[in-house]
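Below, subunit A partners subunit B and then partners subunit C, in two separate complexes.
Showing the complex of A and B:
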C-alpha cells in the first residue's frame, strides 16, 4: 500500500505495511528483495525471543532447569506427544524437529503480533501460503519417494464400489490439492481478520470516547467488548499454531503410511 | 468507475453471509463436546483437543469467506 500523498485518512490496513529500513542497492540485477525491512526485523525479534526463552532459562546447563524452563519443557512435551500420537510408527522421530520448529515459530510470531503497534508476521499471504505450499510439496515428494506410483492409492478410500471410483478419485485429488493453500490461508485469514477487527473497533471507540465527558464514561462498555475480543485473539493466536502443527503431522502421516 | 466501486462495496457486504456457516459449525462442534463429556466425564481431556481442532477448522472456512470480502474492500 504505497501512500504517496499524505492524505488525512489512515487506513486500518497500515499496520500490515512493510517499510524498508536499510535498502539493498545492486548495479546490474535488482536485488532489492534482500533489503532489511520490517519483516526481517520481526523475524529477528522472533528469533531472539525463542533463543532467549531457551538459552537464558536453562540454569547454567544443570539437569534441573529453572522455573522458566518448565514452560519450554511443557511446550516440547506437548508437541512430542502430539507428533508421536499423529505420526505413530517407526519414523515419527525424523519429523519432530520440523513440526516443533513450525509450531514455535508461528506461536511466537502470533504472540508478538498481539503487542500494540507491533507487526503481524503471519498475516502476509505470500509468506504463509508459500510456506504451506512447500510443506505440501515436500509431503507429496516424500510419498512418491517412499511408495512410487502406489502413492495414488491414497486417493481411493477403502471399501468403495468400483463404478464410483473415478468420481471419488477426482474429488479426493481436488481435496488433496486444496490442502496446499488451505493450510496457509487458514492461519493467514484468522490473524489478518483478528487484527483488522481489533484496529477498526479501537478506532471507532476512540472516536466515540473523544466527543465529550459522557461518551468517555459510556465508552468503557465497548472497551470491555474489545477486551473480550482481545482475549479471543490471544486464544486464536495460540490455537492456530497448534492447528498448523497437527495438520502438518496429519498430511505427513497420509504421505508416509497411505491410510 | 463509480458503479464498479459501489458494486465492490455491495459485494463485500453480501459475501459476509458465509460466516453464518462458521457460526453454526462452531456451535455444532461444541454441542458435540458438551454431549460427549456429559455422557462420559472422564473423556474430557481426550475430547478437548479434538474440539479445539474442530473449532479452528470450522472457523477457517468461515474466514475464507471473509477473505473474499477483504479482497473486494481493500484489493486494488
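Showing the complex of A and C:
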C-alpha cells in the first residue's frame, strides 16, 4: 500500500506566502522594500522567460523567421487587431506597446504559476489592484487632458430623460470609480480561487486514495475531475490576460472618445 | 492571509513596477519595432 498517509499538506494558502531570501539592513533607512523575496524571484523568472522568448525567436532579424517566431507573430497580430478594433481612430498606436506589455506580463505570470509548487504573481491583491488603479487613473487623466470638463459627459448616457439625470450620474460615477478596483480584483480572484481549488481538491483526493486499495482505484474518478479543472485553469490563465488587455483598451477608449 | 502582511506591500510594489517598467521599455524600444520592421520588409518584397 502506498504510504501516503504520512504526506503532510500545509494550509492551502501556503503557496501564496512570501518568504525573504536575502534582506538588506541599514541603520538609516528601512530597506525592507528591496529585500529579495519569493515575489522578487518570480519577477526575475518572468522577465527572463519573456526576454528569452523574444531574443531566441527573432532569428537574428532575418526575414524568414524560425518556427517560434510564428507564435510571437500570432500574439502580436491578436493584440494589434484587438487594440485597433477597440481603440479605433488615430491614437491606438500610442497605446499598443502598453497593452502588449500588460498582456505578455500577465500571460507569462499566469502560466508560470501553473507549474506545481511555483508562485502566482498575479494572485497578490496589493500589486494587481495598484496596477489596475494606476491604469484607471491614467485613463482618467488622459480624459481630462483631452476633453477638459466635457469629460464629465461620460457620466450622462445619450438620450437620458432630464429628471433621471441626477440619479444616472450618481450610478455612472459609482460604476466608473469601481472600475479601478474591479479590473484588478477580477484577475486576482480568478487566479487565487483557481489555485486554492486545485490544491484543496488534490489534497482531498490524496487522502481518499490513501485509505485502502479500493479507494486507490476509485480515486482515479475524482482525479479525472481534477485534470479537467487543471485544463480549465490553463484556459482561465490565458483568458484573464486577454480580458485585462481588452478592458484596458475599453477604458482608454472611453477616455479618448467619451461615448 | 499571509499575502496581506503589510511588511511585503512595498516589496511587491517595488519589484512589480520595476518589472513592468523594464518590460515596457524593452517592448516599445526593441521587440515590437523589430516585428514591425519584419512586417514592413515582407510587404516591400511581396507587394511593392
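Keep in mind that, in the parts below, the second predicted complex is superposed on the first by the 250 of 259 C-alpha atoms of A that agree within 3 Å, B and C clash if a C-alpha of one lies under 4 Å from a C-alpha of the other, contacts with A are read in each partner's own complex, and residues count from 1 in each chain.
Heads up, the rule we're going with is that contacts are C-beta pairs under 8 Å (C-beta built on N, C-alpha and C of every residue); 3 or more make two chains touch, one makes a residue touch a chain.
From a predicted model like this one, the values you see are computed outputs, not experimental measurements.
Of the two partner chains placed by superposition, subunit B and subunit C are both touched by A:13.
Subunit A is touched at more residues by one of its partners, and among subunit B and subunit C that partner is C. In the superposition on chain A, contact is made by A:185 with subunit B only, not with subunit C.
Of the two partner chains placed by the overlay, neither subunit B nor subunit C lies in contact with A:115. In the superposition on chain A, contact is made by A:193 with subunit B only, not with subunit C.
Contacts of A:101 after superposition: subunit C is touched, whereas subunit B is not reached. Legend: residue contacts after superposition of the two complexes on their common chain; A:242 is shown touching subunit B, with no touch to subunit C. Residues 13 of subunit A touch subunit B in one complex and subunit C in the other. Residues 11, 13, 182, 185-186, 189-190, 192-193, 196, 236, 239-240, 242-243, 246 of subunit A are the ones touching subunit B in the complex. Contact residues of subunit C toward subunit A in the complex are 1-5, 7-20, 22-24, 26-28, 31-32, 34-35, 37-38, 41-42, 45. Note for the complex: subunit A touches subunit C at residues 13-14, 16-18, 32-35, 37, 39-40, 43, 46-47, 50-51, 54, 58, 61, 63, 65, 72-73, 76, 96-98, 100-102, 104-105, 121, 123-127, 130-131.
Within the complex formed with subunit A, the residues of subunit B that make contact are 52-53, 55-57, 59-60, 63-64, 66-67, 70, 74.
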